[in-house]
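One structure is given below, represented as structure tokens, and several questions about it will come after.
When the chains are written out, they are named A, B, C and D in that same order, and each has its own residue count from 1.
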Amino acid sequence: MQLGMIGLGRMGANIVRRLLRGGHECVVFDVNPDHVGALAQEGATAAMSLDEFVRALTRPRVAWVMVPAGDPTEQTIMALSQRMDADDIIIDGGNSYYKDDVRRARALKERDIQYVDVGTSGGVWGLERGYCLMIGGEAHAVAHLEPIFKTLAPGLGDIPRTPGREKLGGTAEDGYLHCGPAGAGHFVKMVHNGIEYGLMQAYAEGFDILRNAISQDLPEEYRYNFNVADVAEVWRRGSVVSSWLLDLTAMALAEDPTLSNYTGFVQDSGEGRWTIMAAIEEAVPADVLSASLYARFRSRRAHTFAEKLLSAMRQQFGGHTERPTGG
Amino acid sequence: MQLGMIGLGRMGANIVRRLLRGGHECVVFDVNPDHVGALAQEGATAAMSLDEFVRALTRPRVAWVMVPAGDPTEQTIMALSQRMDADDIIIDGGNSYYKDDVRRARALKERDIQYVDVGTSGGVWGLERGYCLMIGGEAHAVAHLEPIFKTLAPGLGDIPRTPGREKLGGTAEDGYLHCGPAGAGHFVKMVHNGIEYGLMQAYAEGFDILRNAISQDLPEEYRYNFNVADVAEVWRRGSVVSSWLLDLTAMALAEDPTLSNYTGFVQDSGEGRWTIMAAIEEAVPADVLSASLYARFRSRRAHTFAEKLLSAMRQQFGGHTERPTGG
Amino acid sequence: MQLGMIGLGRMGANIVRRLLRGGHECVVFDVNPDHVGALAQEGATAAMSLDEFVRALTRPRVAWVMVPAGDPTEQTIMALSQRMDADDIIIDGGNSYYKDDVRRARALKERDIQYVDVGTSGGVWGLERGYCLMIGGEAHAVAHLEPIFKTLAPGLGDIPRTPGREKLGGTAEDGYLHCGPAGAGHFVKMVHNGIEYGLMQAYAEGFDILRNAISQDLPEEYRYNFNVADVAEVWRRGSVVSSWLLDLTAMALAEDPTLSNYTGFVQDSGEGRWTIMAAIEEAVPADVLSASLYARFRSRRAHTFAEKLLSAMRQQFGGHTERPTGG
Amino acid sequence: MQLGMIGLGRMGANIVRRLLRGGHECVVFDVNPDHVGALAQEGATAAMSLDEFVRALTRPRVAWVMVPAGDPTEQTIMALSQRMDADDIIIDGGNSYYKDDVRRARALKERDIQYVDVGTSGGVWGLERGYCLMIGGEAHAVAHLEPIFKTLAPGLGDIPRTPGREKLGGTAEDGYLHCGPAGAGHFVKMVHNGIEYGLMQAYAEGFDILRNAISQDLPEEYRYNFNVADVAEVWRRGSVVSSWLLDLTAMALAEDPTLSNYTGFVQDSGEGRWTIMAAIEEAVPADVLSASLYARFRSRRAHTFAEKLLSAMRQQFGGHTERPTGG
């Protein structure tokens, strides 16, 4: 079927490529004409303006917006909706806050434009492996888009079936899922990313403990000089901590077990923060997910005011003068 | 080759089975003669006493001890070593504290008996899938045992190779690894389990947030009634949080998405605790791994004294009388 | 000077009492006429309706709103403002979210009504000891209210002066502080309560460790049967952990060292949650304040879904069946 | 009464001074003869060797050891005990691990030498204010030392009595407490310090949130430029978070609200670590105390291996290249 894509960064462009390979027709637009041109050469229909983009789409139009979350997404969707008609569908495929989805869906609903939010996981691997799609919106709009989702998702592949799944039915094992009304897709994607932070931090702390086993303040016979690349590799085989993130860890450590090219400054995106806010709104204890987020915050500071205050209290109480020594 | 196994619980018995299938000869002993009999019927050589067990082994003897960690392991190894000779090998395949390994290896070394510690991951799945083996001890003893490890480990299988791994060599991608001197195997297994706790808690908190999205203290349009079984399933396909633990989660939720058969009392074994102690000895921040352990501690109490003290302070300061209400 | 008080719960009524004792004139209103009558007997001017309340105040009117945060505060302030004139002052003395203050101040500003937010700490002790006041709003409005704040705050008292404070000047050591524009008072009060949660949890965990020292899974000579009431008392004298919260702890433990009358269900108010949200908006790591909040969330559940999921994963992987046993 | 002091660092010297002022007789020894000479001038009896020290003491001898925890304490006590006789008393006033106390008490008991462990809190303020003393050992030895403890402790002073305390009796409100058998004093001091870490971290995080309120990623009207020195001061007056640590915070912030002279590298001593180990041995959740310790560990590293691994995973999955940007 036909789909329009606005935003041809890595994610948007690869989604278009996977759709083209699947036999779909794609109209593409981006503020950068080079990106448009590149995909036109791969078979997409180029649009050089938003107006042209909308005109090139057949009604009911389907437009996937894949631009940065926040203001760019908000403005693109609003500009787009002003050019669209009843029964057209706007998909927000970015990393929006689910509360923004609810608000936008309600606004568009007044003009009978459908709003569908799609949380997308797959990273740079998605083009080949397929994307895991978490979808929110009205059932009939989601149903209309099913050919798109089927092509983008990984499908059953060679991943073993979950026992009992055959009785449950549904599309989850194809790799896409209608999670609920507007916002539900991004809510599930938000929690997905919150979990991702937690998983990453669990591995990170574990490997930190392995790496520092040699410098332990213990007698020599309790210190170990572990080959962390080999440890990551062996855990991929038959161990309960095997996972895709461990596969990626093994790749990084195989390249350089000291990770000396990485600064250790770690960014965070909105989803990790929103996950904690949702936990607080639900009164759910989320110790691990919070600690994972805070580890990233801390990684981006040389020192916190908090730490200086600790030093200051120690000085005032015990006359301790802190000296910068190793850990 | 020949191997003796002491301790025929689920793990010990399945290791014997996998070795028998691989063409090895196994001498087996257990305090429960029924367990011995069962494995004898599957092709193992039965020993009805420790003396008989030792006599049935050819020198240099290889004896794998697979009994509960702590006193049972300590006593079995000590009793066994008194019956063994120079160049014999004792394998501690249980979940021992690595400092006990160092101490025992040193004690046995005085009589030239080799001590090899093997951390084993694989659960009830290991018999079919193979076990991930983390090994500590002297290089020549570990080398002597290689045929055993090769059979027990999963091997390359159909898991994609880590790029660059072909240049690194070693046995890690076969699923077993000589990690270092005595204690190194159990140290790596300890951290492995510490990570496991963290991964499990990350998923657990995430699904808790999903599950409670319906009861959120927010306007109705922000509440979602998620099908958590479907969410677990869809994440198995192309998402970055896919893992074996997620596969197991999907199985459990496919059986019963309310998990109403589980009490929520969660045990912990020594490794989670020792991981935190190692982190502290190394001055490595381990927020996530600690929080994961504490969540289990808390799960086993109706209420903590800490919580009562919080209530008491609130009462003394603000005259608040706590009433047991929902979260 | 004259002040009107709306909301005569414990906090509102005691503030009126302290003002009356200080020679101020108070007009009082509450939805419950009994509360109004009681304070009228103590010298306040009774108002039986909002209209009567506003009429009884001399211009520029000063009205302190002390009703529950959220909708009651919002509605009261809006109803009140419709009856007020330019240069009148509305004080929100409750526990409002600082973002609501900013919004309300802006709305009232359009009609030249001043909005002052006052975070108040003091609990049931404030009537005698005085209240610590954290104030937000425009400078001239805050200056106008200074006689009120001076009476309510504890003043210098016999608390030793901070060295260097004499050079800094200001009102902080009198116990009230103009913290900044609208919302600043409640922001400081919010963080104050966040810290309070952290302090309480630190004591709570420490006393939990003392209390359980007797049940430690260690040889008998390492177990202690501490008198926690005595420990709290001795720490009040010369120890660095002495504090008002420790005084309150000592009181509660002197009454009953087992705290058996407390359920251990611990409520939380908005400020603890908002503190975490502010930390996240600022990218400040707040591990301790978050953990303190989560401990309260957890205290209000019998078991979390998270814990059941942990049990479920253990069952699926290792065949472990969890049994409810003591910690 | 007579007391010998070994170790004349700041704590040891000040304890001697307070005892001399209280009319006690002190024999003093230190590896640094200058320290001995200084106190001799203030009225103490100088000993220039351990032998001389022991000879100068009247039987039953009382010797207080105040040297760094770990090896120095162990060696001093062992050397001292070899020169002592039945019924003599050795006091370990340092920060020893309580398990070392149990072991040492048992060893000395064989020769009928009494071992008393005294946890001491008071910092540089103790000389004037008195020391809070937490005491472990046999009842008759502790009773024999009571005149010493009475002089060192702050006594009732002008701190308000805890209601009900008059009925409970005991020495706690004098500022010293016999907590239990050997190790009990240091156990209570250990938990005291664990709580101290938690309290400090709670304040530190709170002030960090205040300090960063100006740089919040929010519209301008939600940002505040707080005077943190004034906030600390106002909280000292009538607020529930008032404490000695807050007094010290107010002092430090009055000197320099930016704390720019402090590096933010924060040391930790053994007690914080041992508190966590005790919590783990007791299966008590100690989220806040652990997080406080880890914040100190983290403060002493430029970047952790954990953080680099997070960056590496992000790179492998999403092609994200981390750039060092502000938090």
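Here is the rule we use: a contact is a pair of C-beta atoms (placed from the backbone, for glycine too) under 8 Å apart; a residue touches a chain by one contact, two chains touch by 3 or more.
Since the model is a prediction, treat every value here as computed from it, not as a measurement.
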Any chain that touches chain C and chain B: A, D
Look at both sides of the chain A and chain C contact and report whether the same residue positions are involved, with over half shared, or different ones. same
Find the chain most remote from chain C, comparing centres computed as mean CA coordinates. B
If you tally contacting C-beta pairs, which comes out ahead, B-D or A-B? Let me know. A-B
Between chain A and chain D, what is the separation of their C-alpha centroids in Å? 46
Mean-CA-position distance for chain D and chain B (Å): 38
Averaged over CA atoms, how far is the centre of chain A from the centre of chain B? Could you give it in whole Å? 31
List, in ascending order, every residue of chain C touching at least 2 other chains. 123, 125, 201, 203, 205, 208, 212, 240, 245, 251, 283-287, 291, 294-295, 297-298, 300, 304, 306, 317, 327
Would you mind writing out the residues of chain D in touch with chain C in their complex? 98-99, 102, 106, 121-123, 125-126, 129-134, 153-155, 157-160, 162-165, 168, 170-177, 179-184, 187-188, 191-192, 194-199, 201-203, 205-206, 208-210, 212-213, 215-218, 221-222, 224-227, 229-231, 233-247, 250-251, 254-255, 275, 278-279, 281-289, 291-292, 294-295, 327
Could you please specify the touching residues of chain C with respect to chain B in the complex? 10, 123-125, 200-201, 203-205, 207-208, 211-212, 245, 248-249, 251-253, 259, 262-267, 287, 291, 295-320, 322-327
Residue positions on chain D within touch of chain B in the complex are 240, 268, 273, 276-277, 280, 283-287, 290-291, 293-295, 297-298, 300, 304, 306, 317
